Amino acid sequence: MIKFYSGNIACAEGAIAAGCRFFAGYPITPSTEIAEHMALRLPQVGGIFIQMEDELASMAAILGASWGGMKAMTATSGPGLSLMQENIGLGAMTETPCVVVDVQRAGPSTGMPTLIGQADVMQARWGSHGDYEIIALSPSSPQECFDLTIKSFNLAEEYRVPVILLMDESVSHMSEKVIIPPKEKIKIVERKKPKVKPSEYLPFKADDYVPPMACAGEGYAVHVTGLTHDEKGYPQATSPEVQEKLVRRLCDKIRKNERKLRDIEEFEMEDAKLAIVSFGTTARSCKAAVKRARKRGYKVGLIRLRTIWPFADEYFEKIANEIKQFVVVEVNYGQIKLEVERCVGKKVHLLPKMGGEIHKPEEIYKKIKEVYNGN
Amino acid sequence: MKYWVKEELKPPHGKVYIIKDRCKGCGFCIDFCPQQVLQESEEFNAKGYHPPKLVENEKKCIGCGFCSLVCPEFAIYIEKEEEKND
Amino acid sequence: MEIEAETHPLDKYLRTDRIPHIWCPGCGLGTVLNCFLHALEESDIDLKNLAIVSGIGCTGRVAGYLNVDSYHTTHGRAIPFATGLKLANPKLKVVVFSGDGDLFAIGGNHFIHAARRNIDMTVICVNNYNYGMTGGQLGPTTPLEAKTTTSPYGNVEHPFNLCHVAAASGAVYVARWTALHVRRLKESMKEALNKKGFTFIEVIASCPTTYGRRNKMPTGLDTMRYYKEKSVIKHGIDPSEADIEIGGDIIVGKFVDIEKPTFDEILKKLEEKIK
Amino acid sequence: MRKEIKFSGFGGQGIVLMGNIAARASAIYDGKNAIFTPSYGPEARGGAASSNVVISDDEIDYPYVTEPDVLVAMSQEAYEKYAPMLKDGGLLIIDEDLVKLKNGEGKVAKVPATKIAESLGKRIVANIVMLGFFTAVTKLISYEAIKKAVLESVPPKFKELNEEALDKGYERGKKVKDGKNGKMA
């Protein structure tokens, strides 16, 4: 089926296709159409839409719904994501599958509510207090808004972690062709359930990093707490040993699977001497610039990050020697640039924008020429 | 109905059970027992509190269960003795 | 002679491997939880489908002691978490147990909106007039002039009358008791558990360690005796007439018991309509 | 071949819908690549409204309109604001009763879209008249495609009216294109 969807609508449809049956949200530009579309669609498929009183409540509600056995999502923008952070931490600590869509606008504070920003990259990673790992994906087209929303749900279920879909205002409002595969062709992942009797079940004991999850009403009488807890789920808030084991596992279940979670589009990278690194709508401009530069003989390629977190450390470490120069193009003042620099161990060039618009291809092309020719 | 009057006149009776080591000595059960059948014991429990004990004339407990409800530690409960007519 | 026992008949409702609980001697919280266990025992509630949600604070620990699906969430957010839980699985009987600070200061907005929506859940607020776990700071229910660690010269703020807030926000059942009114509290808990809609019970309870000793009631027993002296039962009165003041009567009773369609009932009707 | 189109006018004329229909027609029914981006937010309430379409046979990377090949202006304010953006040699399409041209225009096509809509009894379909005209004049979208896209965008009871509006505009456009009315300068 071919549809003509905006990124926001594609995201909402992707959620429905992924099996999301609970949405709690609070209106905020530029994500509002996701909530509106969920309000329209969920009652048609037996799902629940609730507009909460704020983003804190929205985030708490989707955690509750997830423990109630439903796949759940909220959608917001930067200011709302800030308000959700404490409960994103609760989601990480209690290993609650859920999806948080952040349609990025320009900040800080209220910033430019109707225009693009890409500066929530670090907020998505480090927004809540304490050590934890999270997964974040970033789409560049309405098609990817659909596909990556489904993927977000699948990863949330597989890894039992909140997954953040880092959209941006541009991709959220542009409309483009979206191909919706038939239902049976869409891969759907469900959370692992316990196979043992309630008396033998340890709700936070994991054999392969991710424990099976018993939801409310399934007879397992699980205690779930944001306090440091043992494998039984009981608070052990004064035991550094329990903390060590728990937090290490919460982080390692993502870190140790970085390669599996990695999702990168390489364009013209085979013989590239200079690599552009970008994500989201901005990457589209980069692609146009790379095409132009290639026509003029520049050996330049594009690395587009679809998975932002966990960061592809190993990938960048590996290509650090082959690629002479890196240019990161992003609508912020160098958040991904810092990550690339950390991995490749040398100076990385930055072409930032503070927000309100994406780069035009000619700006990027100009930067390519400059860096390539060593000016 | 004539039997009803006769039976009700016989006061009910309760057996008092105490889980001594759970007690934190708040005194609620002792203070608010309508029959005043409880008092603080001299003995210390494992946590160093004085759990309650029955006063001499234990027959006064009517098994109302107030102590069982008011205890914050789930440390005391009542079993109503069967009301027999003998 | 009293009989020494090892276990309690209501232990089946508790995670006994976590007892004794962390609450201080003379704290009313254990009494409230105990009444709740009795209410469960006397109700027809399927434990498999009972879920307890708490926020943060001393009362927030209730969830961890009950041997059912229980969720100890973040400060103030028990109600929205419970909202999601209940809507996602309508079979559940969801009970929120939390304190006055958690439910009415940091979480106050969620309380009024859940009541407005008539989400089918029971909220039990243990009101001890202060933030106990952090050492006795003033809270949204601290009476005017009461001394706390952040009102060392006496509280200068007017407190909430929680039952008035609940009723005004749309709760279908509103009752207030003290921790001394154990039988009536237990009965109210049974009524609330068996009623559909947003039901609310405020329990005024002692906090000797951080509130009582700064306010001339150094033990739990002092506070309970005060309740005995000052409590007046007035069923059915307008809860706006049940403000709490230092030295004044503590008006208790069942204030509201009305019928109103719940959020999920209305939603179900809507789903039928658009089919 | 990448073509950029900007539809513009004032709030309430259905400018955003025009762009959406045009891009959808091209993407779904002509099988081309097309992107639609609305002007968005407070700036879209009152004042000059615009919506943007990029149509291409190839993959569209940069999604925005910067130098329109075609500018459709349905208000004076929109014309004055956006005309300077028009690409050299680009085509300007105006509602001739609502826009007074200044000097130095290149190619211009004029249509009394609002008047035609009023003659059909509904001023509100001026945007559809304009879409029909645009389709005939630019040939960037096929008639069949735009018709399907229009009809699926309107409520059933207004299908007939919109079809008529589209056709009126299209007929007018064909004449202009063929030079019969001589209005395409």
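Every chain is named by a letter (A, B, C and D) in the order it is written, and numbering of its residues begins at 1.
Simple rule for what comes next: a residue touches a chain if its C-beta (ideal position, glycine included) is under 8 Å from a C-beta of that chain, and two chains touch if they have at least 3 such contacts.
As the structure is a computational prediction, the values presented were derived from the model and not from experiment.
The distance from the centre of chain B to the centre of chain D, with each centre set as the mean of the Cα atoms, comes to 88 Å. Taking each chain's centre as the average of its CA atoms, chain B and chain C sit 27 Å apart. Chain A and chain B have Cα centroids separated by 60 Å. Our note on geometry: chain A versus chain D, Cα centroid distance of 37 Å, whole angstroms. Judged by the touch criterion defined above, the protein chains link up one after another in an open path, with no loop closing it. Going by the touch rule set out above, the chain pairs that meet are A-C, A-D, B-C.
Residue ranges on chain A touching chain D, taken from their complex, read 2-4, 29-30, 113-115, 169-170, 173-177, 281, 284-285, 287-288, 291, 358, 360-361.
Residues 20, 23-24, 27-28, 33-38, 40-43, 60-64, 66 of chain D touch chain A in their complex. By the touch criterion stated above, chain B contacts chain C in their complex at residues 15-20, 22, 24-28, 31-32, 47, 49, 52-54, 58, 66, 68-75, 77. Against chain B, in their complex, chain C makes its touches with residues 1-11, 14, 19-21, 23-31, 33-35, 37-38, 179-180, 182-183, 186, 219-221, 224-225, 228. If you check the complex, the residues on chain C that touch chain A are 15, 17-18, 47-49, 51, 53, 63-64, 67-74, 76-77, 79-89, 91-92, 109-110, 113, 263, 267, 270-271, 274.
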